[in-house]
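One structure is given below, represented as structure tokens, and several questions about it will come after.
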Amino acid sequence: MNRNVIITCALTGAGETPGRSEHVPVTPEQIAAAGIEAARAGAAIVHVHVRDPETAKGSREVGLYREAVDLIRAADVDVVINTTAGMGGDLMLDPSEPTTFVEGTDLVNGVERLAHVEELLPDICTLDCGSLNFGDGSLVYVSTPDILRDGAKRIQELGVRVEMEIFDTGHLWFAKELVSEGLIDSPAMFQLCMGVPYGMPADPQLLATIVNQLPPEAVWASFALGPMQLPWVAQSILLGGHVRVGLEDNLYLRRGVKATNADLVTAARTIIETMGAKVATADEAREILALSSRTTR
Amino acid sequence: MNRNVIITCALTGAGETPGRSEHVPVTPEQIAAAGIEAARAGAAIVHVHVRDPETAKGSREVGLYREAVDLIRAADVDVVINTTAGMGGDLMLDPSEPTTFVEGTDLVNGVERLAHVEELLPDICTLDCGSLNFGDGSLVYVSTPDILRDGAKRIQELGVRVEMEIFDTGHLWFAKELVSEGLIDSPAMFQLCMGVPYGMPADPQLLATIVNQLPPEAVWASFALGPMQLPWVAQSILLGGHVRVGLEDNLYLRRGVKATNADLVTAARTIIETMGAKVATADEAREILALSSRTTR
Amino acid sequence: MNRNVIITCALTGAGETPGRSEHVPVTPEQIAAAGIEAARAGAAIVHVHVRDPETAKGSREVGLYREAVDLIRAADVDVVINTTAGMGGDLMLDPSEPTTFVEGTDLVNGVERLAHVEELLPDICTLDCGSLNFGDGSLVYVSTPDILRDGAKRIQELGVRVEMEIFDTGHLWFAKELVSEGLIDSPAMFQLCMGVPYGMPADPQLLATIVNQLPPEAVWASFALGPMQLPWVAQSILLGGHVRVGLEDNLYLRRGVKATNADLVTAARTIIETMGAKVATADEAREILALSSRTTR
Amino acid sequence: MNRNVIITCALTGAGETPGRSEHVPVTPEQIAAAGIEAARAGAAIVHVHVRDPETAKGSREVGLYREAVDLIRAADVDVVINTTAGMGGDLMLDPSEPTTFVEGTDLVNGVERLAHVEELLPDICTLDCGSLNFGDGSLVYVSTPDILRDGAKRIQELGVRVEMEIFDTGHLWFAKELVSEGLIDSPAMFQLCMGVPYGMPADPQLLATIVNQLPPEAVWASFALGPMQLPWVAQSILLGGHVRVGLEDNLYLRRGVKATNADLVTAARTIIETMGAKVATADEAREILALSSRTTR
């Protein structure tokens, strides 16, 4: 069991959630405020997406990232910044003519996905380690080995740590290839994403199985989408991992009760502490992940 | 443990294997001959792809399927015919400009993938239940929920049984959706494909885990790519499943010794029988899979 | 995941714990008071051992059971009563002459182990489904198939429900034999006891494995000894089970902080509710376990 | 997967099998002859029990061991000798008065169990790492931590390698204690015994689970009782282990066909080689197990 647990709070994501909960932060100010509150509640890491303030849709706009990240860095709370680099892999097909891309497509190469990372140099950025269907319909998330190797190389050159997001067991296979090719510094950091349709289901036995497949000395966390988010905090630490909660993945504190990001962090902290473990500080997270110390860059 | 084991022989596939072994059948005559030999050696089902006789590359040409299937049906050996319907899902990207499709792309809709199935009405055809990266490089296999539902409906209308091919755990999740939506007749038939980069690795504990996720009354088989093909025969039956061998997935009988399809069927039979199980006949396979009886159509 | 969770509180056990925590109840009055507090805190079931008030050692004395059980039944709180029937199986050997039994031996037949059950007719009593070493040294817990069948028959005749305690995988195998021989009424009730040296270790993957071995329609709970007690509350409900906490199995609320029984029930409730599940009432527990309704006998 | 597989042949055991198959060797000459044939068929190790030639029951008589072992050592075939040291742990209770030991009891201390080991200095002897019920009825196999520590110390002093036999998960827990206490030389050698009522059932997922619990650098084998013996050869090597077959554990080559020890070794060899692995020689087994080289002592 993990007894010193890093909580990552995934503040907003890119999903169609702002219409479903008033707590989902949309503007850079809202996102930064949510991150600061989450950090105060116990999150050692905030995972940052940004949204277009007009449409509330997910965005890759560097200016929006800068605004959000600068506000968090300027706050009087210490937190590790993890930005997504998973945007720019969306391929929306017309199923009757699948070589025709339709609205919703946002597909760029591995380096273009990193524009904000190059500019802002967060402590960590994500790398989504494979392609898969995303939800019902015809959206394919596309990240090929070529694209991923280009991305990994560039992120490492920037001195930013890679968090490899794993949506299914084949992604883990490829992620281990990246590690064995020397494209990922040690300790390799894995985020095991469960319950995202149609990736790995949130099945405890499956998590145990893939944890057994991780390379030695890996640092890993796991989360589950939707109502399994808080139970999965317990499952992850029982199997030795860190945890992630937040409105990107789940809107509810419990059935019928909408949550803020800080509410979800507090609930995770309650589970962790009642189970007899402790919540890691930002500095402890830096040590576990071999990050450089806090900078204001 | 499964004590009455259906052997499927996957005769040729669509991979770049003809240059690597002289035993890989290429022309319809060769494919049919390989299927007939495999059936004589103990395969109850042959899984048929066809290849362009000029280039040896995989093909969706109906005429080629007709030739191969007619020859097998005309033979004096009883075997169940399973044709692929997985062709037509290949998207080859330029990784630096990923919305540009390059050579190697063959991407059509769910119904177009079935032209040969409509024409030849095999007993079974496959349905590859999701998208994933195929190998290193930038080939994405694309099969979205929309495409898959269209395909499943059409196959069922034709009275052909669907074999759901599962390359990763998210594919199984979606396949179970197809079953619960009533798009797949009972007993649902699953082929668990292990060791295909970058799908599920050939890990015994992973197979046990996903077998536990199958719906009750599922009929399932499993295979592993490459040198794990013959060991996986044992693993599948130990966990209650049927098996698949053949040159589509593996070229060697043992290290350094190239195999024919019939050699691999014979080796599978040896493992099965030495473990104390028996090999199912074509008629027993029809009963297990609730197929209609042999026809010459 | 189990969303309506029965908490059993195991109040005192028979271990050498009274000298290690002042909260371990010893006299019947203390045991009853602890049970009543635990019920108020959320335990639907109390698991009752008694101790000799002079020596604080575990006892099979019917009068002590009567006193404790009567006090709990008379209280103004509703709780299901589960008494141990596991006492009377202790064989302490001289390791240099192992046919010589030494102090600490208390070994009687299957029916004698039930004297207090016959007298008090609790809702439930336990049946420890096999023999194993208990701890380091030379104490063997002895419960053979003959003894267990005699016990199961007698308990069923009394109209008391059997909770089959499972200390290792072979015990589960035999318990399933009892079920298939018709010696256990439906729904069969299993308590999976983890972390008792030298029975099953408290390993999440092992719990998942043995849960897969349970017969369909089993109702089960699981607990872990020592510092894994509270984490195991989460693990059990994640895999679909009920839970057990209490001073029989663990003395600490967290490192360095000694607990009361009610403290441990409250902590379990916190974990359960924060994970989004609810705590079952005594009446809900009766329904889940198909017990007859509350009586004061 | 294990690609260089040690086959142990367990020649006769101590069970009531001589009346059930004419192939079970009884006299020292028969046991030695069976061992020599098994070695010729591919067994690198023979596991030796002896039987009273008059009654055919299992025996601890040193003279019988000497006769059998000397004959095997004198043969012109190279094989590693592993004698049981598991005899002398049988406690047969009267279930109605369980402190009364009845016929069938043969319970001695840890050092007395080793008389033949001291005399004959086999390469390996077994140590059964816990107590459990053996079969239906009232036979308890008794091996307490005290007895086991005494045995382990003496065996190590003799320069004989310990094979720790594991009948359930709690035995593995204790065996790991022996290793961590320095009572077992490296590499620790485990025999995972499945399907012995009422020990661990022969469940592939359970084997995967306990293999994950083994200490790093353990060398392990596994076998299953009865009709799962030959399938378990495949399961063990798939999970990285060595194998054991022989008439001690199973009398049949296949349903209705009684086997000799050599038949079972040959069948194991067929499975191993058809799966693409090789069978280790006696010298390779010595190297894997860090045994000293062949002696005739």
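For clarity, chains are labelled A, B, C and D in written order, and residue numbers in each chain start from 1.
FYI, a contact is a pair of C-beta atoms (placed from the backbone, for glycine too) under 8 Å apart; a residue touches a chain by one contact, two chains touch by 3 or more.
Treat the numbers as computed from the prediction; the structure is a model and nothing was measured.
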Report summary line: The angle in degrees, nearest 5, through which subunit A must rotate for its Cα atoms to match subunit C is 180
Query raised in the report: With chain centres set to the mean of the C-alpha atoms, which chain is at the far end from subunit D?
Result: A
Query - Where subunit B and subunit D are represented by their mean Cα positions, the distance between them in whole Å - result: 42
Query raised in the report: What whole-number Å value describes the gap between the mean CA coordinates of subunit A and subunit D?
Result: 51
Query raised in the report: In whole angstrom, what separates the CA-based centres of subunit A and subunit B?
Result: 36
Report task. Hunt down the residues of subunit D that sit against at least two other chains at once, touch-wise. Result -> 205, 212
Query raised in the report: What are the touching chain pairs in this one?
Result: A-B, A-C, B-D, C-D
Report task. Could you please specify the touching residues of subunit A with respect to subunit C in the complex? Result -> 1, 204-205, 208, 212, 227-228, 230-231, 234-235, 237-239, 254-255, 267, 270-271, 273-276
**Report entry** subunit C residues within the subunit D interface of the complex
**Finding:** 93, 95-99, 101, 105, 107-110, 130-133, 135-140, 142-147, 150, 167-171, 173-174, 197-201, 203, 205-206, 209-210, 212-213
